[in-house]
Structures are given as C-alpha cells and as structure tokens.
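In what follows, subunit A forms one complex with subunit B and a second complex with subunit C.
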Partner chain A sequence: MNNSNSERIKAFLLDNIVVILFLGIAIFGITASGGGITGNYTVYFISFFSELIERVFRNSFLVISLMIPVIAGLGLNFGIVIGAIAAQSVILLLRYHQFYLEMSGIAEFLLALLLSLPLAILFGWLTGKLYNKVRGQEMIAGMIVSYFAAGVYNLVFLFIVGYVIEVDKLNPIIAPANLEGLAVGVRMTVDMGVMTGAIDNIIRIPFMFFIMICAITMACYIVFTQVRKFNRDRKVLLSPLCALVFITAIVVWNGLGSMNRVAAVLGFLGVAAQMCFLLYFTFRHKRENPDYTVQNKASLSFNCVLCSGMMLWAVYNIIMNTFMMRVRQAPFATALLFAVLFIFLSYIMKTKLGQDFRAVGQSQHIAEVSGINVKRTRIIATIFSTVLAAWGMVIFLQNMGTLTTYDSHRHVGFFSVAAILVGGASTSRANLRNVITGLILFHAMTIVTPDIARIFFGDTPGVAEYLRSFMVYGVIGLALGLYVWKTLKASQSQNSL
Partner chain B sequence: MDTVEKSTFSLKSLVSRINVPTLIVLVFWIFIMILGVINNVSLTSMITDSIGRFGALGILSLAMVPSIQSGTGPNFALPIGMVCGLLGMVCAIQFGFTSWGWLIISILLSVVFACIIGYGYGILMNAVKGSEMTIATYTGWAFVWLFSMLWVILPFTDLRLRLPLGQGLRQDIQLAGINARNILTNSLSFDINGIFIPTGMILFFFLCCFLVWMFMRSKKGIAITAGGTNPMFAGAAGLHVNRNRIYAGMLSMVLGAVGTVIYAQHFGFIQLYLFPMMFAFIAVAAVMIGGATVRRANITHVIVGVLIFQGLSANMAPVANAMFPGTDIPEALRTIVQNGIILYALMHAKGGGGK
Partner chain C sequence: MSTNLLSFKNITKNYSGNTVLKNVNIDIRSGEIHALVGENGAGKSTLMNILFGMPVIHSTGGFEGVMELDGKAVDIKSPFQAMDMGVGMVHQEFMLIPGFTVTENIKINREITRDTGLNKVTKKIFGSRIQTLDRPAMSADAVKALETMEIGIEEFTVVKGMPVGHMQFVEIAREIDKTNIRLLVLDEPTAVLTESEAETLIHAMRNLAKKGISIIFISHRLDEITAASDRVTVLRDGELIITKDTKDTNVIELAELMVGRGVSIDRVIADRAGSGDVILTIKDLHVAMPGERVSGVDLEVRKGEILGIGGLAGQGKLGIANGLIGLYQAKGEVVFDGKPLPLGNARNALSSGIAYVSEDRKGVGLLLEEPIELNIAFTSMQIHNKFLQSIGPFRFYHAQSIRANARQMIEDLDIRCTSALQPVGRLSGGNQQKVCVARALTQKPRLLFVSEPTRGIDIGAKKLILDLLLKLADQGMTIVMTSSELAELRSICDRIAIICEGKVAGILKPDAPAADFGLMMSGAADLVKEETTFPHVIPPDSFAVGADFGNLGTEGGAE
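Entry: the complex of A and B
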C-alpha cells in the first residue's frame, strides 16, 4: 500500500512536472522580486494582477484553439498562425474601409469575426489537407506551413497591395509614398482605432467581483458534473439557473455602483447555494442507493476547497476594501464570450463529432475500421482550430490596440503552444483544465521573468527578453521531449514484458 | 518509331532522375537572372554573389547529410552547432589570435565545442525517436536564446568583442580588426572577366564534402546509413544503432560549427545573438532543393541544392530592387520558396522520421 502510494505520487509528479516547474518559477519570481522595481508589494501585486487578467483574456481564444487538434491526434497545431493571418487580413481590409465608412467599434469587431470565418475555414481546410499528407509529422509541418503562409501574407501586403491592386494613397494604413511617388504596401503598425477595446470595454467589473463570479461558476460546474453522473433529473438544471441569477445580480449591482458589501454577500450566498445543491443531491442519491460512494474524492474536495477559497478571498478583499480593489477591472464581456465557447466545446466533445475526434486521436487505424472518415475528421479538427485562432487573433488585437502588420502573427503559435503545455497538456492529451491552468501560469511566468532576470543578471537591458524566450522555447522542447521519452519508455517496457 | 520510343524513354528517365522541385527552382533562378539582365543588373556581379554564397553556406547544408542518413531526419537543431562556431570564434579572438591563426584556432575550438554538445544532442535525439524534427527545432531555438543571455554575461574582456559602453558582447564583431576578413575567401582567388572566384573557400567546401563522402563510405558511415534505413535490421545485424546516431549528430554539429566560421569570414563579421535562429530552415531547404528527402541525402544533393538555392537567394534582392524599387519582396519570396520546398519534402517522405 505504501509502495503503491509512493509510486502514485511519483507518477503524479512525472505527469505534472511542467506544471509544477512553472508554478515554482512563478512563485519564486514573485517572492524573490522583493516587490519589483518599486520594492513595494502592494504596488507589485496590483500591477501583477492587472497585467495577468488582461493577458489571460487577450490570449484565451488562441490557447483554447489548440485543444481540438490535440484530441484528434494531430498534436499541437502550430498552424494556428494561419488563422491569425486570416484575421489580420480581414482586419486590414476593415481598417482600410473604416476610413470611409466610419462604423462603430463593436460593429467593426463583429464584422471582423464574421468575415474571418469563411477565410479561416478555407485556410483550415487547406492546412487539414496538408496535415493528412504528412501524418506523423504534423507539428513540424504546421510550423513550416505557418512560415510559408507568413511569406505569402508579406508578399500580399508589402507588394501586391499598391503595386497590383490600386489603393488610396492617403489612407492611413497605407505606407507613405516612396521616392518614386508610389504608395506600396501596408504600414508597419496599424492603429486599431475604434476597434480598440471594442469588446473588452463593454462591461468591466472590479477584479474581486470577477473572482467571486469565477467561484460561483466553478461551484456550479462542480455540482453539474458531479450530480450529472447519477442524476439525469431536470432538477439539476436548478444549479446553473441559480448561479446565473446570482452572477447577474452581482453584475447589475456593480452597474448600479453602490454598496460593495451587498455584492460580497451575494457572492457568498451564490457559492453557498451551490454547495447546498451538491450536498442535497448527493445525500438524496445516497439515501436511495445505500451502497453509493463518492468517486474521485481527492479532486472533488480540491475543487471545492479551491472555489470556496477564491470566494472567501474575494469576500474578504471586498468587505475590507483592501488594495486588491485597485486592481484593473476585468473584461467581463470577453470572459462571457470565453465561457460560451467553453460550454460549446464541452458540448461538442459529447456529440458524435467529438467522439470521432477522440476515436481518431486514440488510433487512426481503429477509427478507420469502425467506419469513421479519419481524413475528414482531421480536416474538421483543423478547421475548428483555425477558426478559433482567427477569432482569438481579433480578440487579441482589439485588446492590444495596435496591429504590428508583419509581426503580430509570428509569435502567436509559439506562445499559445507554450501556454497549453505549461498547463499540463501533451501532444496527445489536452482538456479545458489544461487550457485555463496554462493561461494563468504561463502569463504569470511572462510577467515575473523580468524580475527573475533582474535578480540574476542585474539591470542589463535585453536580458529579460532573452530569458523569457528561452523559457518559452525551452518549455516547449522540454514538455514535448519528456512526453515522447515517456511514451517510448512505456512502449519499451511493454515490449520487454 | 523506335527513335520516338527511345527518346520518350530517355526523357522519362531524365525526369525521374532530376527532381521536379530542383527543376522548378532552377528554372525560377534562371528566370530571375534573365529578368536581372533585362533590368540592367550586371550579370557578373550576380554570378559572383551566387558563387560567394555557395561557398559560404555550403558547409551548413552539408551538415544535413549525416543526420538525414542516420535516420534522425534533417538537423533542425543546426543553430546549436552554429552557436558552437560562434563561441569558438569569439574565444579565438579573446585568446589574441589573428589572421590565419584565428581561422585555424576558431575551427579547432568550434569542433571541440560541437563534439561535446553534439554528443548530448545525440543522446537527446535517441530519447525522442519519432519526433526528432519538432524537438530539435525547439532545442535549437532555446539554445540560441540561452546563448543570447550568455553573450551578455560571459566574462569576455577583449575590447574588440565588448560593447564600448554597457555590458555584454557586440551585436556584430568586425573581423577586419584581426585581419581575418575574407581570409579564406580571398586566398587563391582570381577574377575572370569580373567574376570573382573565391578558390580557397570553394576548395575548403569541396574538401569538407570529400571528407564527409569518404566518411559515409567508411565502415562507420555505412553502419550509420544502415541504421537510418532500417534500424530493426541494423540492430539485429549487431550494429549499435543508437551509438551511430550519436556519432552522426556530432558530425552534423561539427559541420554546422565549421560552416559558421566560414560564413563569418566570408561576410567579414561575426553576428552574435539571434543570428543562427532561422539558418536550419535555409540549410534544410537547400538540400531538399537538391533532391534530398527527409530519409535520404547525399553530397550531390548538397552541391546542386546549395548552388541553386543560394544563387536564387543572392540574385533575388538586386533584381527585385531594380524592378520594384522601394519594395521589400525578395525576403518574402525567399521565405515562400524555402518553406514551400521543405513542405514538399515532408509531404513526399515515406513514413515518419526515425521510426
């Protein structure tokens, strides 16, 4: 028993080595930084969480877009750069015409989402066809094809726009005329104009309110998933309904702008209600089926403790009106969009299509034999990924406020891949938990690297950027390498048996 | 009737012998040269540029041969070898060598560094069989970023290396300062009607090719190839497949390091920091254009591929500048050709890498 326990711990550590490593780096960075440049932890934490919340939602769609290809056995889709390129092309087109049309920010944003959809589907379809031709080497092919696509993109926007296609020289996104009086190509940086913050700034709520809402959502998720296992009754739907009521109440209360304490109480009641649901359903089920025991106790209790902890932390900060209330407000509308996507993807994975993804990911051969069109499924997975990446890029850019025409897309693939790997995903296993853990941990890491660089190398300029990139590329190499090594070792030990 | 059949047969065999992408890129290169001549770009300078780049970048592409033959696939971790070359050159300057002494000591030091690091790299590649290409790419990049940090903090003291103000090494280290600019390029060189032939450098490249060719024909080399073609069979025949893969990785890294020294002396300065980042793709694309696949490559592929691809890259810039002044298309075009060709090779690879 003891032996198996220690083995289980060992296996757990090996499985989660990357997550643990990065958690360690983030914690080390925060503690050793001594409060950053100002040397004041209050200021440091305020800026840390403000940065974190912005970055997490800026990159959320991009990172989640990697999930489906992993499940479908394509590995990490470095080709999401192509989705980003689709989005950027559409945004450049819109920015060009915006000069004459003068749409509102949100209209332009929605139009960008709408127009990038067909383009991303087309690109995703082509990428998927390519992946079918390079089975087993999708990752390197994805990387190379993204460089290829970037080359075509550069050719179009540096040369064809202006040289082949007539453009208005006075348009602010077109590069100023050169010595020959030719206005060729798009500027290096394009301002996003009214699209800046088009969705982020619709509703912003205080960070602590947001944490409270997260706690309620998480509690509801626990109840829903846990109770669904034994109860197919409609009554379970009471739990999300109740969560929805409380969240709306908090948001509305925040909009009215009075009495934070009431909102804190609402948050507390929201989580408490969910816990009551959990207890009620479990006990009722246990009364009806006396031999029922709760499975996966460890993760269930961990989740419960985590969400109650989040709630208590928020309630404390709100009631005591601590410095945490000065953290930058969270983009609620973007979060809502992310939540919708989250639910949508959870739903997709339960449909026939989702099962096909899983089957193909498990074994292409068995999937083929059992009548699944493997090639088609893989193409659909790539299209999903590319479309989500395109939308993710639109969200990313509306948050950034400027489009670096020839650079914005370049790092998208690597940073998103690093984020999902930091969250504990591998080339064949990724879930929504990996996405969220990765988003938070990876961006915490990128925020604290300048501090770590300062501790080790002093105030030399540039080193922080080198260290950050070293970590990004190092983590991808390490995570992929460890995974392949583990798989090889497992297959070897199987062979020797 | 007979003759027609004969001619179609020979055409068929010719087409099957000459790779389609080789032909396409060759035609593209000639087309660019013709465009250049039409637009008053001097043909002699175009040929000089092509030959210069051919000599300067040849060895970097040659580094792909042992790694492809050993079954690890193209060496996408070439930046690691290149960083060893940079380190060797910087150390040689630090130790006070100049001119030919610098060149020889640089090469020796880089070879030593590359052997040590190549050994570790070989072990890594054995641990990740099946996904070598992706992991090699990342290891290579991580190594470049690691050394970018180290260039800032390593305790080099020579003033020709350090930034005049602040900490760390210069971005570009001029080799004119140690009389080593074009040292190999200019040796034994001559002009024919304005076409500059860097005989020393070309000869050195051919010498490397010859050595690799000899090595691949030696007992060890054949064992490496056997391990790459069919690892199960080679293992059953009593060959140490994993150990041979390590040797091939080391040789590849050594060639990468030596190639960097040659490259630096040709262009007259050592570029530190992010310079090696994308070189693996350039080197791989050149071999692929020569007709290599991710499973098989030989010296002919290297020589043909490097000549065509580097000739094309060298000539695209002046021609594009003459035709479309003020635009920036050569880089985009080169990226398209380079990555297009690697994709083509990946698509036509049979099976995964290294399995």
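Entry: the complex of A and C
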C-alpha cells in the first residue's frame, strides 16, 4: 500500500526472478552463439523461429494442463504423465486398427481425442482420490504414481499384448516374431502414419501473418478485459467481432494468393481498430469513473506496447519481404484449438467452480467450513488436468510423427513443469500469462542450449542433451527452493515483533 | 424482548469422565445481546460447540439436556445444520481467505451466479457449478451487509493487508449476509480491536440487535460487557453461576463471580523472607510467540521468592518464559544477576544459570523414547559438560555418574518408576513432570522458570509438585511459576503478576480478594484497590507494600 517505489521494484524483481533469469540466458545464448554452426544470423533466426513455433504449439496443451491443479492448491501435477499414458494407449489401439480400417488422418485424430477422454477421466479420478489421501504431499505422490503407471503401461504393451491378448503378427506396430514364432509386445517406435500433422497441417499460415493475428487478438483481449472490468457495455462486443473479421480476412487472403501487402494493411487496420476502441471506451468511462485509467496502468501500457510492437514487426517484414518470411509456416488450426481452450479455461475460472478452485487452493480449512466439498473440488481439478494432458499428448504426437512407445511419456511431466515455472508460476500461483510466457521462454531456451553447450564445451557429442536436462531439473529446483524461501520469509515477517 | 429464541435446558457434558458442563440452563431472548463470561475451562467453548453441533461433541458421546429453538427442541448434528437454522459464528481466529476480496469472502460458497444467456445451456448440462458469477450483484450484497454495521470498508479491497479490526468486521458482515441469520455468536471479537474499533463494533452490535438478531457475546473485557450487553451469564468450572440483567450488576461483582469467592487457599507458610535483592530485571519485553504474544512487559524478580504469573489464556503469560529462554523471537532488556542477558539464545540463557520447565512437556520438555536417567542428565551434559568423560578427542557420557544422579533424583522427588532406565513416555503425567523438574534441578539453577507445572496431572500429583516447588524455594531457589490455575498460584506464590493483553496488568498479593484478580484479568485493573497490590518495579530503597503505585492501572488498557 504505502511501499516506496524502490521497494515495489524490488518486490517485482523478486516475484519474477525466474522469468528474468531465463530471459537473460536465452538472450545470452542467441548473442553468444554467433549465428549458430553456419555463423550466419539470417539462417540462425529462420531456424530459431521455425523451431520455436513448432515446439510452442506441440507442448501447449501439456503445459496448460498444469494450471488448474496449481490454482486448486494441489501444486505442480507431475501426474500428467498418467494422462499422457492414457493418450498413448488409445493411439496404440487406433494405430493397430488403422491397419485394417484406413481412416483419414483427421478422423483418427478426433477419435483419439474422443477415446482418450473417458480413460483420462477415470485415471484423473483415481489420481485425485490418491491426492486426497496424501494431502500436502501431492507433488511427490504424483511423481511416484507416474512411475507406477508407467510400469503398468510397460507391462501391458511389452508383455500382455501378444502373450495374453492375441494379436495379428503381421501388424506393423507389433514387434517382429522371435525364433519360436511368438510376436509379443509393441515395437519400440510406432509411426503415426496418417495422423502425422493431422491438425497442424490443416491450415498453415506464414509466421509473420501469425504474429499479426496474435497482435490483433491481444489488442482485442486488452479492450475486452479492460472495459468489462468496469462496465458491461454491450458495445464492447464490437471489439471481438471486429477482430474476428480482420483475422478471417487475413487467413482467407493467405489462402487465395500472394498479395502480402494487402494482408499487412489488414493487420495494421485490425490493431488500429482495437486501439481506437480502447481510446473510445477509456474516454467514455473516464467521465463515469475517475479511477478507470489509473487501474493497472503499468501492465496496460506494457501490453499495448507489446502488441503494437508485434504488429509493426510483422508489417515491416511482410511489406519488405525480409528473410523472416522464410520461417516455417505456423500451424494455425492448432493455434485456434489452443485459443478455444484458453477462452474455455478463462470462462471456467469465472464460474462458481473456478471460484471454488481458488478458495480450496488458498485454504482448504476455510473452504471446508464454508461448506465447499473440498475433496470433490480437488478431484475435479485433477480430472481437468489429466484430460488436458491426454489431449496434449495426442497433439504432441501428431506433431512429432512417431511414438516412442516406452519413452515418449516419461519426460512429459518434468518438461511441462519446468516450462510453467520458467513462465513465473510457483507451486501456489499460476495463470494463463505464466503458461504462455513459459511456453515461449522455455522452448527458446531448449533451442539455444546446443549453442551454449558449443560455446563452453566445443563440439562434444551429447553435451547439449545433458545441458538441457541440467536446465530442466535446475529450473524445478530453483523455483521450488525460491518458493520455500519466500514462504519462510513471509511467515517470519508475520511472526516478527 | 420477552420471547426466548434459544434455550439451553439442563445441558451436561462429560469428556471421558471429566464433567465440563453441569446442568446449565440459559435462555437467549430474541434481539438481546447476551454476554457470556468465564475463565478458561469454565465451559464457554464447550457450550458453543454443542450449539454448533461440532464433531468433537458427537465423537465423544454427545451431551445430555435439550436445546430449544423457538420453543421447539432441536438436534443440531453439524455446523451446517446450525447455519441452516440461522445460527452464525464469528470465530476467534479469522476464517477469511487472504487472497480474496472482501466481497468474495463475504459471499464464499454463497456466490450469486448468472442465469441467463450461455449459462442456461451449461446449467442444463453440467449443473449450477458451471455458471459464471454475477459480481455486481455480489458486490451489492456485500455493500449492504457492511452498511448495516455502518463501517466504511470498500468491498473490492483484498483482505490480505487489511487492518485486523477490519477483518473482524468482514467476518461479521459474512454472517449478517446470510439471509436467515437470527443468532450470532461473537467469540472474543474485541480481543484484536483497538479501542475505537471496539466502540464501532459495539455500536454495530446494537444496530443488529435492534433488527431482531440475538447476539451471544463472549469476551474477557468486563467493561465492554457491561457497556454492550443486555444480560450477562457467568460460568465457572462448568456450572452456571448466575444470569443477570447487566444494569443490575457491575464490573467488580462480575469479576468476583468469574473467579469465585470460595477458593480455599492452603498456604503453608505465610511469608517467605526473600533477601530483597533483585535477581532478574525485565524491561519492555516483547515476544513473538503465536497465540501468546508478549508486548511490553516490565517485571522484577526478587532472590528467593516464588513469583506467580497468571492471566487468561492467549494473553501472553506463557510467552514471557519462552521468550527469555529463547524459544521465540524476543526483544527487550533483561538483566540477570547483574549481567545483561542476550535474548534469542537458549544455550546462553541456560548456561547463565536459568532453568526452564516448559508447559509443552511432551514436545519441548522430554525425549519420550529415552530413559529417565538420560532425560535428567541431558541438558547438563549439553550445557555444563557434566556427566562426560574425555578419551582422546572423543567425549563419552559417564554412565555411573548419570545413574547415581538419576537414583538421587528419583529418591528425592519420589518419581514412581520401575527403574532409571524406563523410557519417560511410559510414566504418568505427574511423574513425567517430576522428571522435567529433576532435569532442571540437575542444572543447579539460580532461577527456575516453571510453566503450567500441573497441567494434565491428577490432583494427588498436583499437590506433590506444588510441595516440591515450595521445598525448593525454602532451600533458597528463586522460582517463577506460570499457571492458568489461579488457586494454585495463590497457594504457593509470594507475589502474583497478572498478564493481560501482553502486559503486566498488576502484581497482587496472594491473599488479595478474588474480585481483584478477576478485574486484572479482564483489563479493568484501574478498579483494583491499591493496598492489595505490589508495584511492578521494586523501588530502589525498599520494596515494602504500598510504597509506590506509579503506573498501575494505565497498563491494562488496550493499545
């Protein structure tokens, strides 16, 4: 309240220390790499952004699945591995039958989502029950139960398939028969076949167009949230409508032909229109509510600058037709799916259920005495997380193109947790902003680690991989340590004289 | 004002053979403020637990007697049932979620949801939990509840960082907001408030009473009770002493009734002649012990006396010894035996000749799995390097001397055990306490702090412990004894300091009238007659009774 500015800045830095640290490392990696192996920054940036856009959307659902358990006070749900296992089981089943059915890629993808839903709900319900029995130890319990589930999964697909359940020896996903003519277990790697890129490749748009669309969406989001906070003016609905028109126009334009300059103008107008909305509403409500413009001034202006910057960057690159236009095209359909999930989760957090998640997360005791069914709420949170993780795994695998049967699920938990922590979340606090920041920053980090490894260790083979896992576990350790330290400090200041 | 909203009829409650409530009859009229007064353990909280159907009551065999609401017998099995019947409670410790706004806290689990647009669809599919919150309507309700109390709290502030007084009002607003609320229980609501906030609260209570809501007001501040309540009930040791109209009584009478006149004081010795030298001086001591916060104690201890420290639970009497020994963060000026004693360092305090018998016998006092002899010798080994023998660079404990010391102590203190090797966890409470004292004595202290020495001990053992303390004092040891049981303080202490709200309210003679003890405990020390008190700080030339009463009475008030 009456903190001085320097104290406020100190608190801000302390709150965002992990984000700042990793931003620093990423920037250091990019500058020190000297343009990667080729030594050419043009080539380096093209590959950097191509990789980044793929990785961000590949992992988006997995990382976002961690958010609700954190809000509901369960901590970081290492148990999302179980969701991934549910998805892999369904995919293996589908791959086995695809050999005979020959569905289209998208149909198989949707069927995988549909079939993994009940399985993930069941697994999530069981995990949630377990979490209720080990209150306070959810994270370690989640980790251990993941190992257990992976063991059961291995047992089923290494042994029971083929030995107990009779399978077709000639099916490509079944391991080749041994000398006694027995075909037992699923192969180490399974090709995703038609499912590869089933959703990623529906619509792809140039990276810079995608940035432009992001700018428009973000501007629209700013207008919408800012205005809704104070006034339920129906006119505010014009803003998303307008954004939708511009985005559709850009996508359609891209599909039709190559007149990129028109798209650039469209994007510019899209963002400009949103900013006009913002000004209009600000001035209108300034008269009604003198506090209106003061609220969250810093974060509002930061967001405005960020989206204008993105828009200008995109417009410049499109009109000048720079090397950035050679970056791999962005998977627009996956992005759209992610946006839908984003809106859905924002909506959930605004409902009674979302309020209960928050209440339970902050104090189980108070929630309990207020009559909230704490156990049930926690189970629902775990189910949400497990289902999203299962779908996330389907999306992950369709992007990868191959399923490493006994390995794909293993790192899902740690990598996703590291990503959300890099975004500034902690075991007790996470929001959608943390998810997005984390996705971008963490994957930027994983891309530049080989370069950092090369600077320090030369071209030693395999060292990049070690550095990468060092980074993942380091982030988790650092974030958890910082969290414990902060809680300790808070309790000390509460009990001091 | 005459109809009874709630009647307790012949309420009796036993906890495993221990009667905590005996035949209690209380009527709460509608629209009245009914105060409930009593010492710790008088049965106030048990009565409230019965009213709210707390699980602790039903898991221990229920209670005898009848509760009637509107003249009809009711059987309340859970707090939620009580809530449904319009009975609300404001807890002593806040039931507020710090990260939520005032509105969110007031409407917790009673949020208003929208029933239009998309919500109509989602409700049909997923039920009412997936409906968005109607925040403007919630805010309007919160504002209404806050306005009833005429308190200017903004409904969109986050609770974290609010003044404690405001949190109290938010708690009350949450209860008022429940549409059917008819009876509100306020448990020590003014304990955390400043004087002006307390006045606002009393004003708000009157407003509520006018609207027909009955209030049960539990407080230890007797002056507030006389100011706020319509009728007052005094409980003592589980028995109903009296229910009176507040206008027919006064603070002094209430204090006397609360503490009880009939306490027999079996003092063995009339007066012990201490040397008069001051052995310990405490100036402006603050201790951050949760729940027993000390905020500015000035006290002097004379060589050879037994100084009693009394007061109600939560007022800070236990914090003094804990802070001096260094178990909690403390600040202040302490001089022991002419040398300043640095705070926050247990090793230092112990090695300077202070011994401490903790009120937390099983947690702090004893190593329950270890044998008696080791428990007795443990602190001396650590602090004074006794019972040790060195062989080369290693130090081993010296079994014979430990055994001999333990045998001596077992004999001296009459510890009932099978052998010195018996684990202390297997002993009875009284004998465990004796082991604690034995360990303190083994340190050969010049000053002994004993906290709650008779807690959880049967009557026979209590007598033994108290006799033991008397014997030690006769041998010249200085003892500071902290206890919740006034009777035992009065039976063996030379002076009794009463702690109220973290400060010394006053120091009384053990034979001072009961009412004076009651008044001091209730923050009304200014009404105590001067001839029964000692000054806080002993005047330099003499410590004769009545020599200096400088700042008495001003200390007891709220901060």
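The rule is short, and it goes like this: the second predicted complex is superposed on the first by the 487 of 497 C-alpha atoms of A that agree within 3 Å, B and C clash if a C-alpha of one lies under 4 Å from a C-alpha of the other, contacts with A are read in each partner's own complex, and residues count from 1 in each chain.
Criterion: contacts are C-beta pairs under 8 Å (C-beta built on N, C-alpha and C of every residue); 3 or more make two chains touch, one makes a residue touch a chain.
Because the structure is predicted, anything quoted here is derived from the model rather than measured.
Student: State whether A:139 touches subunit B only (first), subunit C only (second), both chains, or neither.
Tutor: First partner only.
Student: Using the superposition on chain A described above, determine whether A:372 touches subunit B (first), subunit C (second), both, or neither.
Tutor: The answer is second: A:372 touches subunit C but not subunit B.
Student: When the two structures are overlaid on chain A, which partner does A:485 contact: first (subunit B), second (subunit C), both, or neither?
Tutor: first
Student: Looking only at contacts as defined up top, I'd like to know whether subunit B or subunit C touches more of subunit A.
Tutor: B
Student: Would you sort A:362 into first (subunit B), second (subunit C), both or neither based on which partner it touches?
Tutor: second
Student: With both complexes superposed on chain A, which partner does A:350 reach: first (subunit B), second (subunit C), both or neither?
Tutor: second
Student: Taking the superposition as given, does A:316 touch the first partner, subunit B, the second, subunit C, both, or neither?
Tutor: Neither partner.
Student: Sort out for me which residues of subunit C touch subunit A in the complex.
Tutor: Contact set of subunit C toward subunit A: 79-80, 83, 95-100, 104, 108-109, 111, 113, 128-133, 136, 161, 286-288, 290, 329-331.
Student: How about subunit A: which of its residues touch subunit C in the complex?
Tutor: Within the complex, subunit A touches subunit C at residues 1, 232, 347-348, 350-353, 355-356, 358-359, 362-363, 366-367, 369-372, 495-497.
Student: Across the complex, what residues on subunit B touch subunit A?
Tutor: It comes out as residues 76, 124, 127-131, 133-135, 137-139, 141-142, 145-146, 148-149, 152-153, 166-168, 281, 324-329, 331-336, 338-340, 342-343, 346-347, 349, 351-353, 355.
Student: Across the complex, what residues on subunit A touch subunit B?
Tutor: 130, 133-137, 139-141, 143-145, 147-148, 150-152, 154-155, 158-159, 163, 178-180, 182, 184-185, 427, 457-458, 460-463, 466-467, 469-470, 473-474, 476-477, 480-481, 484-485, 488
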